[in-house]
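Scroll down for the structure; my scribbles are underneath it.
Order of writing sets the chain letters: A, B and C. Residues in each chain are counted from 1.
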Amino acid sequence: MANMPVSEMRLPPHLAYLLAARRLDTAKDVLSLPEVELMAVLDAGVPTARAAVAHVSEAACPPCQTALALLEERVRLGGGGRLATTLCGLDEALGGGIPMGKLTEVVGPSGIGKTQFCLKLALLAALPEYYGGLDGRVVYIDTESKFSSRRMIEIGQKSFPQIFRQEGLAQKMAGRILVMRPASLADFTKSLEQMKVTLLQHDVKLLIVDSMAALMSLGNEKATAGFRQHPLRWALSFLKSIAEFSRIPVVVTNQVRSQSNDDGYHFSFEVDRKDGNNCAERFDSHLIAALGIQWAHAVTVRLVFESHSGHRFIKVAKSPMSPAVAFPFAVESSGITLLSDEGIDVTGPEITSIRCQGQNILSR
Amino acid sequence: MSYTGSAPASSSLYWKGMESSGDPHPPILAGAQNAWDMLSDEQSQKHITTGSGDLNNILGGGIHCKEVTEIGGVPGVGKTQLGIQLAINVQIPVEYGGLGGKAVYIDTEGSFMVERVYQIAEGCISDILEHFPHSHGKSSSGQKQLQPEHFLADIYYFRICSYTEQIAAINYLEKFLGEHKDVRIVIIDSVTFHFRQDFDDLALRTRVLSGLSLKLMKIAKAFNLAVVLLNQVTTKFTEGSFQLTLALGDSWSHSCTNRLILYWNGNDRYAYLDKSPSLPVASAPYAVTGKGVRDAASSNHKRVRVT
Amino acid sequence: MSATRGRSGGGATTSGCGLKRRNAPQDQEDSKMINQDQPSTEDWCGRFWNGMELLKDVTEKKHFLPTGLEGIDTLLGGGLRQGQLTEITGPSSSGKTQVCLHCASNIAAKQMGVVMYLDTSNSFSPSRVATIIYGISDLFGQRGFELQPKDARLKSVMRSIICESVFDIFALFEVLHQLEVSLLNDKVNNGGSKVCLLVIDSISSLLAPIIGGKYPQGRSMMISVAVILKKLADEHNLSVLRTFNLFRMPSSNNSYRMPSSNKVTNHMVSAGNGAVKPALGESWKAVPHVRLMLSHECQNNICTATVLKHTLMASGRTAKFAAPS
């Protein structure tokens, strides 16, 4: 809607002519200017400029829906708009599974099981609906070359033995998963742009990016911090728009980096409390998610994978639907399984912290 | 259909009123009010409850109409929850102490989840029925029935995908609110998201944002409603260390009437009133439960998982 | 040592930008004799004053209006001067609006005249004003107040504060124009209480959308506002109090150092050189007569005010005072 051409807006003739004469062709051109500058460009007075802005705004504004209409639409689309992960406790906490149309982030230290989780999700999406899947294709963007079809088939055989005993089904499932290995960030952006069209054509039901942080560091070794933000922002908004536009879940994995002392993460009015918190957690290495706080704001659901006290946990760190709970899990031949479906309630900001005992994970 | 941008007749002339009440000061400006009349107006204003009594107290009763309130916090602390709660609470019927109005929710991030709105509406209704046990699910004179569907039907939702659409929506609000006069709150979640990403020319961004904030102030005053802006945080290097601060920089920090910052204090969620023309700075705890935003101390309702 | 001032007599007309043309009755005979239809220069430039007349005018008519906050009053040598433009700057939440509210309440309470309050961010809080007025302890012992009940006293005080919301620069021009017209009418009719204080909170919100682009209209409007305000202050014996906003650049030290760059239109520098910079650039700094900067520390409740510019005193003096509760 931002690029809606002015010619399609059905403005009053004198305004349409004026805007066209000054080369203001899209809604974005008109609305990005403050009022005074628009007056200068159009060489018109206040009422004309305001009338132009009001007409263009009305045309460019997205349509209004009531929340009730949204709910009815969700109900009509069926399935509650979720991809069930078959991990019962997690599904219940998330309200049915990974939400469709939103961006879900999976973050944790390396080796903890993020890729296993993604493999399982890919498999689930490819399964026929009869078996609880989405019966669709999956696009798997693999930046670290961790995707292994053999492992996926092994997961499939161990989790759904009755399905995979049928001949040829395993191959058919594997065939539904399209793996892409972009060599650089430019590759990634190009294929994403092409993807928007192919998503609908090929009936894609799930998009996985594994991992996002590696992707950001692929093309940007020499770039400064400021520049690194731009591809990230672009990728962020593009992934979100793909998710919403095609109503599919998008799962992105993220890495961790160690927290330096400068990451105070307090507001200015909390200054006197800075020293108290750091002492208690010095034994576990202090990790935070890579990609920064802007990314953290932008994802809708965040699942944190961490390990401490000898166990591994999946924490639902950010979700509009669910309380803060953690589930212990283990990685087995059949993929990720929850050791307990009853989650442990986690209070406070601990839900967002990531711990990894034993090794000191350094940033990549 | 004139779009001259002048305020509608709700900020009306007070000539007649001032003359008839024997005002010793003849009116100097059309459209101005004297402080005494404003005081009486203000005292008859209702505030929008946040759901938590402590939070209402530091806000002076709740979110004020005719003012722009900015609410910021780290991811996951509950900004969207509070926004949705306010969209529901504004609809509490007048006979139960609310404003009986409708809500406009402008969503720029896609974090508006309808099932959660439904849950919060149910929580609000159950609290109403608890406090007013004789209502039996239907308010008097056939007004708003206490059903979650009715609450959802009175939230007008806009999904914004770029800053152009955000500017267009805010400009269009003037006309929209003229047609829907019972809207009492406009929530923008979050106001900074697209401007942080897509705008390269920072000086132009400042100009555009200042223009937007003035428009929002004008809408709040002219249509007598509350404008709530949810904002993200970012880190900034000041005073020798990184500190958290609200996004879009200092130039945006002047664009609101009140500012509330949500943060973690130990294991509890707290809100800090950072800016207000009439109230002192203060903190209060609150909690997010299955029914929505409630008081921290008495939250023996754990958030129920949605089935 | 002489100065000229634009004077307005009866029946003056106004053009769009506020300039006036004077019809001076006593000059008409002279000009009739010289040339019938051409106005003389003096019609346009106004009367010349000599130094003694100026001094007399200043000492008799241009009084100080106390703000009610002792620290600031001492710093300013008595308060806000009539005929002058005083400006308060500071970062967000430093107390600028509170100073404006205090000032308005104090002057209304001491019945010095009518206060015009132009508000751009819906921050004028009548309940806060009422609290401040109640807090002014010696108010209700004055001048015929003893007989009235408390509410009626508050009512008559608060009625002399008039508040208008302005949300864009054109509305501001309109309001100032109307104000000028009504002040002229008052002068003619010589009735009622006159406006003695004009508060604009905050001017930078109105100017921020227009300053900084590649078109010069924004700057010229800013200068016009300044000219009109100064003229109003001077001719009608007003004090004008304005706030504008500072913001902080990322800095290695926390000092409020004034910027050395001369860029007028650029109010977002790219990388921090560590200074607090007024949002409107260098040319705005020259406009007001007196500039004060406020800062506020979070932990304790102390406000610090620094004089940045003053016509009568050396700048750089500071005062600390407890923030008004």
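Please note the rule applied: a residue touches a chain if its C-beta (ideal position, glycine included) is under 8 Å from a C-beta of that chain, and two chains touch if they have at least 3 such contacts.
Each chain and its UniProt protein: A, C = RecA family profile 1 domain-containing protein; B = DNA repair protein RAD51 homolog 3.
From a predicted model like this one, the values you see are computed outputs, not experimental measurements.
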Closest chain to global C-alpha mean, per-chain Cα centroids: B
Of all other chains, the one whose Cα centre sits farthest from subunit B: C
Pair joined by the larger number of C-beta contacts - B-C, A-C: B-C
Centre-of-Cα separation between subunit B and subunit A, whole angstrom: 28
Separation of subunit B from subunit C, taking each centre as the mean of its C-alpha atoms, in whole Å: 32
Cα-centroid distance, subunit A relative to subunit C, in whole angstrom: 52
Subunit C: positions in contact with at least two other chains: 168, 209-210, 213, 298
Junction residues of subunit A - those touching two or more other chains: 34-35, 37, 46, 268-269
Where subunit B touches two or more other chains, by residue: 5, 204, 207-208, 210-211, 238-239, 274, 281
Contact footprint of subunit B on subunit C as seen in their complex: 91-93, 97-98, 101, 108, 114, 116-117, 120-130, 154-156, 158-165, 167-168, 175, 178-179, 182, 191-193, 195, 202, 204-206, 208-213, 245-248, 250-252, 254, 265-268, 270, 279, 298, 325
Residue numbers on subunit A that touch subunit C, as the complex places them: 34-37, 39-40, 46, 268-269, 271-272
Contact footprint of subunit A on subunit B as seen in their complex: 3-5, 74-76, 80-81, 105, 109-118, 149, 152-165, 167-172, 174-176, 190, 193-194, 196-198, 204, 207-208, 210-211, 232-235, 238-239, 241-245, 261, 263-268, 272, 274, 281, 290, 302-303, 305-307
Complex interface listing, subunit A residues touching subunit B: 1-2, 27-28, 31-35, 37, 46-47, 50-51, 53-62, 64-68, 70-71, 74, 92-93, 95-96, 99, 101-103, 233-234, 236-237, 240-241, 243-244, 262-270, 273, 293-294, 296-298, 300, 302, 317-318, 320-323, 325, 345, 347-352
Subunit B residues within the subunit C interface of the complex: 5, 11, 23-26, 28-36, 38-39, 41-43, 66-68, 202-204, 206-208, 210-211, 213-215, 217-218, 220-221, 236-240, 249-251, 253-257, 259, 274-275, 277-278, 280-281
